[in-house]
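Next, two complexes with subunit A in common: one pairs it with subunit B, the other with subunit C.
Take a look at the complex of A and B:
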């Protein structure tokens, strides 16, 4: 019964967020104990240290091994996970965390207030996103065995996003005994699966943690195997060497596998917003907001989504970095619907109706390449000649501070629109430092949002979204893609329902072979 | 002979040194900051500076090179920027995999290539010659990654005869090693075989038209004796050069083969290192490969002497 309720809830969540694919989960058969599930990663993780996990390969395996104090719900809002409650007091500049009881690390040591204090202090010093989320963190103290109070130097309303995103709880005992390097090879978290071997270049093997706080996992283990190419992953899935693969913006492969009987599941939290980031500051036609508006009007986003993302099946159009119907979506954003005549008129008004060459820079990738080509052809319809600049992955970061024309950026949405707006559309960071307009009212609103409670934060950041997408037109979203988990019929799990790569790991099971 | 070897060693050292300098310079020209790639765009300036200092990236390029070379001369190739592990450990983990795929491929390709080349020359213009020439043309012309994907699709997926990918060390389970290595070794060997077969064929054709071969036949020697005793030995010298040059393919070819067959060898390590601007790993791998190729070439040079007495005489 509990499982059916969970399934219906998951389906409801998906329906409410607009994702078109619903998982086929309804199974009344009793879970089978044993077996191993293989999930692909495209390369070796850079690290397995909980405080350093951030890249795509690390995200695939992170939540099976480690857990966070908070984690995102289907709207991308952090909710208590390893804790019972998480309450902020902007006046006192504190967050009070009440931990769940009975949780232990995979080495048997208790997950208590002391462990959390140690983890937060350690993350402040060593964490990969410490600069972004722990800037105001001063210290934390254990009030009793299950209560932690975090002290901030100034209020940070987005601290909870940092905790949910990458502050994975590690066993302090294991880190101190093994050292950071040793812990890297034998990480210990509170997750349902414990790393038994990291075969560099081959994969990461885990076994179930029998004393897992939510119950003994059904599977014996989950392995994360390196398959660098999607084509190889697909073949391995078909042969049974893999049980799950993740796709994003790859409708062809997804539909081919669906036709073979595989189940497709879109994560409620979308994957990526393919966004035009305009250089508004250089002395080019783009400095004129009418030109930027004209470009937005010239793009037929609905047609693009229809063609490449199968009418919303694998993604959607949006006028911001959130999907309609979700809590971070601002209904007041008007956006720029497809209107070639208005686009031409705006260009004419701005005196740029001819001899206008626009450079669009983007990171190489199949889906991105297709998008860029289509956008270029649509812009040429209003007389803008487009020069496409495909940039190699390693070189792409060099374009972050300043670019010529448009940076066609893949903005990750796993942490939600608010987090990305407040982290990226400010001064003092590299991204867009010389290209975005950084209008004072947006900066003030972001600052006020960060230093306020939930209600003001939502109101302020929604207003920033409206300004950036509608008024200043620093940003224009061409399409938003979902992460689609492809699973075989023998696997029973909520893998990838709420967030990409995330599952209720201990409940996952496989039909007996 | 000792003097000759010393001279060749001196040249080899110079070659390795030049390769390391050129590689270091080329890698530094590549755009992209490994610190940003490793720490992400949200990293603060302090974090980036700390990262640069840790890997000597804050020092002038020439100083970086000398620091690296100093370490290399003591067997320390530095730490991988991406994996935070010693480069020597990364290479040591992966080298056996590359060798255990590349070496059998080279041996199979060399033996079969010579045999096919001889057969092709002896039966010039016949069905066998045309068939071998046809296969050689495919081997030389078709890209390895394409052949690899084709082989995976046909033998791995459709016929379900062989594994799609993966690797098992021969020391772990020799049967499984062979089972997993059949496809990658065959694809890697195919291109090499074609090259050796073509070279052998053309050399044999040249030799068997020489006067001394005609004389041998006129003296009543059997055809097999003429071919294997007199013609093949002389035709082999350029073939040995070809095989020597193909040694680099053990590493070069592995770039593609390892990607297609999911083998974590040196080729995939170099690919990851280039993508992540992991200078230390790129330098370490290139140094290791250049030393390996130079040693093999030295051995090949010495082999000439054993095959051709005229060359041996010139050493004196």
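Take a look at the complex of A and C:
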């Protein structure tokens, strides 16, 4: 009997101990306040001014500091973010923006209708993508404290894409007090983290904005530290100096870290389309569409994706700037499957001049370098001599207007195919101004799409995609990559989503050290 | 008489090699390494045929493989055989190194010779320009100029040649400055021998020993410069199998597959050290007066 009592007592003790563990575990699962997260960037941003943020390093940190009126959902469609509603009236050529209440800038000034009007006007004059998205913007007016009406000169159905992409809301008070240069060093947005120090050549330090409108951030700060090479980023992550690294097209490093227990998270929206942009206008064999088609047929994109991107794990093949199954994907695009014989036949038909050397220009980068060399080798298999021209990042922009041969461009896809087509494949902008064919029907369709409602816009832009990729062959997508975030087990958040401009910075937390 | 001359030349050759190898086993090893790399460079196509892979042959499903019986030194990030690329890399490096030094030697020696012999304003102008050239770090100088030649081997060797040319000008100028005071030069002038003949027949041969030593040393310097430029992306352009390019491409796999970057790095190190040590030994053997001075 004593034994039975003793056993029952022991079981009771164990049970009570167990019930004590459960709440402890539950507490551990709850977000921990405090701590700092370090994220790498490959070099100093060119700017921290909200209206100028554009390149890859700037995109890593932009949404921690700044926010946009609209932001992309998981399908790349802009949805209200800092505003309650965003409604267009094509007849009146206006958009009405109803702002959320209770939002303040990091300097304590209110984020109200006046601030939005100031930001939109300022972006029109100074914004890096003003030419692409604000061409029809005339003015905006504050109707009341939380309502803004935007007036357009002609209807632009894609204005929302521009607002979601890079029109970050900056504190007007801070810009006016500090001037543009001063603001560059001490930027003020509505984001969860406020810049405390920009140590040029070292990194950017931030602290949490306690009055953040979605609640006080869990972390004390997020620092963006300069680690230029992936190898050093990997070493720093393993050592604990970094909490996250972002990879694109680097399956080797990602898989090595995955094997060590790190978590890989792909961004909800694909990151980059590695695209051949053909110079169709110069007096070279590329002016003949059959030569461009032959080049497309010669590239074994499936093999490249299979080998380098592990069959869809880190990227995918596509015949356009969207992924199959997504809303912007056009099923009617045929594309050019790998077919060496057809490629050779087309070159023959076009009386291809074998003395011609095809120049492929690309911005230096690890994955891009690999791709360029593979493509060059595949093109040489059909008798095309290739000269590779690796361009430094700072010099790359000089190639946007005109290039020789092919510009192997990394087209950002975070704002969707439609936005990129309508912003880049038009006349009157620098990109491809002297190289793309700019066929009249594509220009008309883009113009009609911009001036129409959602249904016509989708139909028209899908048709433009078909023409550009299938008929005129201005563009050919070799591969599409995802941004893969590698995080350690102590970090808790969906960081992959953050990279797709869908910031949840304030929810991020890490285990107490 | 002929036998005596033959004996004399055999004796001087033996003395040359005795002094050349007098620095011990290191010189012998370095000399052996250089011979080996020259042979590798010359017979690169044959070696690649033997190993069964070319330097440009890609196998995308065998990327970054570790050394195996199939790929003796593994593969790189697009499945190319590392050994095949190293073998062809020897060609690129040695060719660039030797070509650069040849350009530099030809032009540098002529300029130094003329400036030293004629002296006066010409000498002052040439030497001040040379001083200005020397003041510019060679890597900066070549980086700027190499952007104009766009990864072309011949163009790059010219650019590197220009950057190492001042060493020849200075050396020859100094030597000619003292040699031209010798009696045989004065005598040649007195019999109104042509200046051009005096420079080429009497002065140049007397500078040869030092020039050969400088040449050997400069080959190593040129290889180092080419590799650095290629590593930085402004030298030999991919996909050409240059060692600097290979280090640059393999660097990102330093943690996961270090051999891809380390092997070409080791090759660069071996060749450059070997050229420098052989250069030192050559100096000892050719001009004992300069032993330990250069």
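Quick note on the criterion: the second predicted complex is superposed on the first by the 467 of 513 C-alpha atoms of A that agree within 3 Å, B and C clash if a C-alpha of one lies under 4 Å from a C-alpha of the other, contacts with A are read in each partner's own complex, and residues count from 1 in each chain.
Rule of thumb we're sticking to: a contact is a pair of C-beta atoms (placed from the backbone, for glycine too) under 8 Å apart; a residue touches a chain by one contact, two chains touch by 3 or more.
Note that the coordinates shown come from a computational prediction; the quantities given were computed from them, not determined experimentally.
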Combined model on subunit A: subunit C and subunit B, fit or clash: fit
First (subunit B), second (subunit C), both or neither touched by A:231: both
First (subunit B), second (subunit C), both or neither touched by A:389: second
Partner chain(s) touched by A:299 [first = subunit B, second = subunit C, both, neither]: neither
First (subunit B), second (subunit C), both or neither touched by A:184: first
Which superposed partner A:449 touches (first subunit B, second subunit C, both, neither): neither
Which superposed partner A:239 touches (first subunit B, second subunit C, both, neither): first
Subunit B versus subunit C as contact partner of A:192, first or second or both or neither: neither
Which superposed partner A:46 touches (first subunit B, second subunit C, both, neither): first
If touched residues of subunit A are counted for subunit B and for subunit C, the larger one: B
Overlay on chain A, subunit C to subunit B nearest C-alpha distance, Å: 5
Intersection of the subunit A residues that touch subunit B with those that touch subunit C: 229, 231, 235, 392
Residue ranges of subunit A touching subunit B (in the complex, touch as defined): 43-44, 46-47, 54-55, 128-129, 131-132, 181, 184, 200-202, 226-229, 231-232, 235-236, 238-239, 241, 392-395, 397-398, 400, 423, 429-431
Subunit B - residues contacting subunit A, complex: 30-33, 36-44, 46-47, 82-84, 90, 93-94, 97, 149, 152-153, 156-157, 160, 163-167, 259-260, 262, 264-265, 268-269, 272, 274-277
Partner subunit C, residues of subunit A touching it in the complex: 229-231, 234-235, 250, 252-253, 256, 303-304, 306-308, 364, 366, 369-370, 372-374, 376-377, 388-390, 392
Touching residues on subunit C, where the partner in the complex is subunit A: 56, 58, 60-61, 63-64, 77-79, 150, 233, 237-239, 249, 251-257
